[in-house]
Amino acid sequence: MKRIWVVNPNTTETMTAGIAHCAQAVAGPGTVVVGVTSPFGPPSIESHYDEAMSVPGLLDVVARGEQEGVDGYVIACFGDPGLDAAREVARGPVVGIAEAAMHTASHLGRGFSVVTTLGRTIGRAAELSERYGMDRFCRGIHACEIPVLDLETDPMARKIVTEACRDAVESDGSDAVVLGCAGMAEMCAQIADDIGVPVVDGVTAATLTVQSLVTMGLGTGKRGEYAPPPPKRYRER
Amino acid sequence: MKRIWVVNPNTTETMTAGIAHCAQAVAGPGTVVVGVTSPFGPPSIESHYDEAMSVPGLLDVVARGEQEGVDGYVIACFGDPGLDAAREVARGPVVGIAEAAMHTASHLGRGFSVVTTLGRTIGRAAELSERYGMDRFCRGIHACEIPVLDLETDPMARKIVTEACRDAVESDGSDAVVLGCAGMAEMCAQIADDIGVPVVDGVTAATLTVQSLVTMGLGTGKRGEYAPPPPKRYRER
Amino acid sequence: MKRIWVVNPNTTETMTAGIAHCAQAVAGPGTVVVGVTSPFGPPSIESHYDEAMSVPGLLDVVARGEQEGVDGYVIACFGDPGLDAAREVARGPVVGIAEAAMHTASHLGRGFSVVTTLGRTIGRAAELSERYGMDRFCRGIHACEIPVLDLETDPMARKIVTEACRDAVESDGSDAVVLGCAGMAEMCAQIADDIGVPVVDGVTAATLTVQSLVTMGLGTGKRGEYAPPPPKRYRER
Amino acid sequence: MKRIWVVNPNTTETMTAGIAHCAQAVAGPGTVVVGVTSPFGPPSIESHYDEAMSVPGLLDVVARGEQEGVDGYVIACFGDPGLDAAREVARGPVVGIAEAAMHTASHLGRGFSVVTTLGRTIGRAAELSERYGMDRFCRGIHACEIPVLDLETDPMARKIVTEACRDAVESDGSDAVVLGCAGMAEMCAQIADDIGVPVVDGVTAATLTVQSLVTMGLGTGKRGEYAPPPPKRYRER
Amino acid sequence: MKRIWVVNPNTTETMTAGIAHCAQAVAGPGTVVVGVTSPFGPPSIESHYDEAMSVPGLLDVVARGEQEGVDGYVIACFGDPGLDAAREVARGPVVGIAEAAMHTASHLGRGFSVVTTLGRTIGRAAELSERYGMDRFCRGIHACEIPVLDLETDPMARKIVTEACRDAVESDGSDAVVLGCAGMAEMCAQIADDIGVPVVDGVTAATLTVQSLVTMGLGTGKRGEYAPPPPKRYRER
Amino acid sequence: MKRIWVVNPNTTETMTAGIAHCAQAVAGPGTVVVGVTSPFGPPSIESHYDEAMSVPGLLDVVARGEQEGVDGYVIACFGDPGLDAAREVARGPVVGIAEAAMHTASHLGRGFSVVTTLGRTIGRAAELSERYGMDRFCRGIHACEIPVLDLETDPMARKIVTEACRDAVESDGSDAVVLGCAGMAEMCAQIADDIGVPVVDGVTAATLTVQSLVTMGLGTGKRGEYAPPPPKRYRER
C-alpha cells in the first residue's frame, strides 16, 4: 500500500478537506491519500511573506511523515513553498502542485494559460514556470483577483474563474488551462465542461505524479544537493 | 477500464514484448496496457532517416486504435517520432518516452544525465530535451555505442550501460539518470540498484503519465494546432 | 554545371511549376534548377499529419537525386519536412525554405514578421524559428487563413496576403516580412512593392543558399549525426 | 544620516561581527551600518532546510528595523534567503549578498567564477545567478568543501579558498571571482592580492549597493507584487 | 580622494553641465566628480552612426584621464558607446549609464520599463538589456519621440516624458522605470514624485556604481579580453 | 551588373588583396567584386579598441560607395565592426563575415567550432554568435594565438590553424569549422582537405550572401531603426 500525504501549507482545515477529496478521487486502489493541514502559520498564502512563513509548518509535517513511513508528499499550494527543503527531508518523492500542473499541461499541446487568484502572485508563478522549464509552454498568467479563502465562500467565485479561463484561452491562443490555486481544485471538471478546453488542477496532477513515482520506486536523488540536511542545534525562538 | 496502447514504432516484435512487459508491470488494476508493433518500417530506429520512415507505420497504428476506442498512447522510441501528428489523430493523450522520462527525472533533483545507444542519436535527444523545456535539467547525453537490437542479445549490454550510467552521474554531477532507449527498459531496476542513483525508464514513465492523464480526463487540446488533420485525398505510392 | 533540385514535398504539380519558375529566375548561369514533385503523399501540407506523411515521398526523391548526381536540394515547404533525414541521405547540402527565408530576413534588420497560411501551422513555424536560432529575430507569425492550394486559385489571395503583411509589419515593428508558404513565392515582388518593406520568399532564398554552398564546396558534415543512415531491411507495408 | 542593517540570517554572533566590520569599512561618512544577528534559527546555512528555517528570524529582524526607521537592509548569506518576503515588509531597499556580488562582478569583465563553501549549495547559487540575469556572466561555481563556521576557525581556510579561486579563474577563463559566503568577507582583499584578479565580496558590495539606492531615494516598487503583505491572523506554533 | 570622470560622449557642453550636476549631487564627500565633454564627434547620439562616430572622442577622453590618474569613468549616453574599448584602456572601472540604470532597477522589483527618446534607439537599448542579463527584468522599451537636445529646450519635454513613464508602468505592469537618456537625468526626481513609482536615472546610478567599485578597490579584470590593447601604429586620417 | 565592395576595415593592403582574391573567386559572372582598404585606422584588429577605432574608416568607405552606386558591402573582419552603422548608411545590404560564416555553418549540421587568432577576441566572437542567434550552433571558440598579420608571414601559420581546427572538431564534436579571421580566407580549402570536415570562410560566405541578397532585390529595412542617420553638424577633431 502506497501512502501519500497531501500537505496543505496553510492552516485552513476546510481547504484541506476539499484538497484531500480531490486527491483521493484520482488515487489508485493501492494508494492511501491523506490530507494534512499545516499546524501553524498563515491561514492562506497570498504574498511572499505568507509563503516564507508557511514553510516551517510544512517541514514540520514532512518530518512527522518521515517518522510514520510516508512514501511521498504533495505540497498543495501553487507557490510550491519549501519544495527544495522538503526534498532534503523526505526519503521519497515530493512534488508541488504548480510543478505537476504545468508539467501535465505541457503534454496537452503547444501552450497553456494559468489562471490564479491575486495579481500579486503572478510573479511567483512565472518564476516557477521558468524553474520547471515550463515557461516555453506558459503563454500567460492571469489573475481573477479573488482572495484564496473566498474561493470557498463567494457564490460567484466559480463563474468568475470560469470566465477568466475562457478569456485566457482566447487571448493566449492556448491549448489548455492550469488552475493556479489549490482552492480551485473542486471547480476543475465543471470549468473544463463549460469552456470545452482541457483544464488542469495541480492537486490531482501532483497526487498522480507522486503515485507514479512511488510505483516506479523513484524518489529524490540523495547523493548531492538533496542529501539529508546536516543536523544542527537551532536556536529556539 | 482504461485502454492504453504502447506503440513500438519499429517492427521488431521481441522488442515490443519487452516494452509491453515493463509497461504492464506498473499499470494500475483499472488499466489494460497492450503493446503494439508497427506494421511496416525500420526494424530499429538509429538515424533521422529511420525515425522519419517509422512515422507512417506509427500513425497507422494510432488510426487503428482510434477505431477501437483506445484511451491513450505511448510512443515507445526515445526519438518520440511522430508525436505531433499522433496528437492530431488521437482523441486522447499521446506521450513519448523521452518526454515522459525527462519530465519524470526533473522531479528527482536539479539535473539528470541521459545514457543512450549510438552517438549519432545524441543530437535528437538534445533537441527533444529543449522542446520539452528539460534542457535546463539535462546535464549531459552519453552514448554507449551499442546498437538498439544488440541490447537484447549482447551479453555485455547491461554491464556496459550500467557503467555508462555510473560515469555519466559522476561527470555531470547529476541526481538521476534517464535511459535513452526503449530497449533498455528491462535493465532499469538492476542499474538503479547497482549505481545507487534513481534511474528512469521512459516506457514505464510514459505509461504512468498516460494513465494519469486518462484518469484526470485530460487529452490533447483540440481547438487549434492539434485539431484533427483536414481530410485529403493522398496520392498512393 | 551545378545541379539543384527544388523538391515540392506535396503532390500538386501546378504548385511545383510555380516554385520552379521562381527558383530558376534567381539561379546563376552555371546552375541548373529542376523542380521535382513528390511521387506520393498529401496534395498540400497543412497539419503535422500531412507533414509527417510527406517525408517518405521527399526522401524517395532525394535518393533518386543522389543516383543522378544532384549537387544540392531545396525542400520547398515552409515546415521544412524531413530536413534532418534528407541531410543524412544527400552528399551535398539540403536547405529548407523556412530555414533560408528566416536566415535571409535576419540580415535585413532587427526583426521580421512571418505571414503564413493557416493558423494551425503557426506552432511549427515557431518551432523552426527556434531551431534555427531565428526566434530572436522573429517578432510574430501571422496566419491569413487561406488554404495552401487556394493561393493559386483564389482571386483575392494576393490582396489578403498583402494586407496581412502590411498589418504584421505595423503590429510587430518589423524591418522585413517572410512569406510562410512555398505557394506564395510568385507573389513576393508585388507584395514588396505594395508595402514598401523587404519581403523574403523562401524558395528563392533557399535556392540561392544551396547554390552558394555548392559554389563553396560545402555540404552537410558527414562524420557524426548526419553520416549516411545505416542500411537496414525495412518491412514493407 | 542613512541607517543600514546588515542582517546575518544565522545565529552565530562572531560571524555577524566579521560581517559588520567589513560592511562598516566601506560605508560612507553619512551612513551608519549595524550588524544584526538573527534571533532564532540555524547557526549556519548549508542546506535548503537551513535556508528555509532561517527566513522567519530574518523577517523578524526586518520588521523590527521597520519600527526603528531603518533605511535599507543587506541579507548577509549567499543564498539570499527571504529576499522577496523582506522586500514586501521593508519600505526601503533590500539587497542580498549573492545578488550584489554577482551584479558587481558583471561590471568587471565578460565572466566571473564563484567560489563557495559546500558542494551541496552550488545548485542554489546557480539558481540565483539565473534569477538575477547573471548566469550569462557566471562561468562556474566551485566548492572548497569547508563548512561555513570553519571559515573562522580552520587555520588553513584562507589558503584553501585562495587556491580554489586561483583554480577557478584558470579553468573558467574568468575576469573576476565572487566569494560565495558571507564568512569569506574578511579574506577578500588578501585573496585578490594573492591571485592578482579582482575578487568581490558580497557583504561590502551589498552594503554599497544599499547605500547607493538610499542615496538616490530608491526602494522596492510598492504598487504590485511587493506591496506590504496583507495582514492576517497567523496560527501560533 | 576618489576621482571620477563622467564623460558625455557627445559634444554638447550644456548637456555635460546638467549631467555633471546630477552626478555631483549624489557623490560622497571623498569623491570628486568631473563632467567631461567629448572633444569631437556628434552633438547628440541618435543613431548607430552617431554612436559609432562618438567612440573615438570618448576614448580620447579616457586616454587623457589615464594620464591624469582618474580612478573611474562613467559613459553618459544610454547606448553605452565604446564600453568594451574603454575598459581595455582604463586601469579602473568603467560603467555605462544604461548598464548601471538597468542593474539598479533590477533591485527594485520583478520588472522595469525603459522610457527613451527616439523609437529608432529602441533596438540598441534592447540589445544592451540582453548583454547585461537585464532582459528578464526589462518589460518594455518605450519612445517618447523627443530628440535628445530638445529635452533641454522643449518646455513640454518633462510632461511628455512623465506621461510616457506613467503609461509604460501601466501597460508593462512594472515596478520601476528607467530613464533612457542622459538628457533626462535632471527630470528624474520630479517624475518619480509625479507618478509614485521608483524612477532610475543612469547618470546618478553609474556614478554611484563607479564610486562603489573604486571604494572596494575593484576595476576591470586585466588578464584576458580586457588587457590593455596591443600598441600599434595607426594610419592617420 | 551587381557591384559589391568587400571592405577590409584595417589598413593593411596586402591583406585586402588576399581577401579580394577569395571573394572574386566565388562571385558569379554578373557580379563585380572590389576589395577596398580602410583609408585610416589600425593595421590589424585585435582588441575592442582596434575595432572601435576602425569603424570611422569603414563608414568612410561605405559613404563613398554610396556615392558610386555600390549595391552591397561585406565587412571583412570577424568582429563585424560597424555593422549597424553601415546598415544605416547603405541603401543595399551589408553583411559581416562572422555573421555570414556562422549562418552558413549552421546549414551544415548540428554544431560548429570557431577557430580564431588571439584568445582575447573570443569574447567578441561569442557575443556575435549570440546576436545572430548562432550560439545554439556554436560549440566552442578556440584561439591559435597567431596575431592577424602573422597569418600572412609565419610559415607555420597554416599548419597551426589546421591543427587547431582538427582539435576543435574533436573536442566539440562539431560538424563543421568556421575560420575566425579574414586573414585565414586563403587557407580554407586546404584545411578542409586536410581535416576532412567542412570549413567555412566568412569572406566567401559573406560575398555570396550579399550577392544573393542583391539578386533578390533585398536590402536593409529602412523604415525604422536602420533609416538613414539624421544629418548633423559634427565637431571636427
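As written, the chain order gives the labels A, B, C, D, E and F, with residue 1 at the start of each chain.
The working rule: contacts are C-beta pairs under 8 Å (C-beta built on N, C-alpha and C of every residue); 3 or more make two chains touch, one makes a residue touch a chain.
Not measured: the values here are computed from a predicted model.
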Starting at subunit C, what is the smallest number of hops through touching chains needed to reach subunit F?
1
Taking all residue numbers at the subunit D/subunit E interface, are over half used by both copies (same) or under half (different)?
same
Rounded Å distance between subunit A and subunit C, as computed from the means of their C-alpha atoms
44
Cα-centroid distance, subunit A relative to subunit D, in whole angstrom:
30
Cα centroid separation, subunit B vs subunit E, in Å, comes to 52
Which parts of subunit C, given as residue numbers and ranges, touch two or more other chains?
87, 110, 123, 224-226
Within the complex, subunit E is touched by subunit F residues 11, 39-44, 46-53, 55-57, 59, 82, 84-85, 87-89, 119-124, 127, 130-131, 224-227, 229-230, 232-237
Provide the residue numbers of subunit E that touch subunit D in the complex, in ascending order.
26, 28-30, 87, 93, 95, 99, 103-104, 106-110, 132-137, 173-176, 189, 192, 196-198, 200-201, 204-205, 208-209, 211-213, 215-221, 223-226
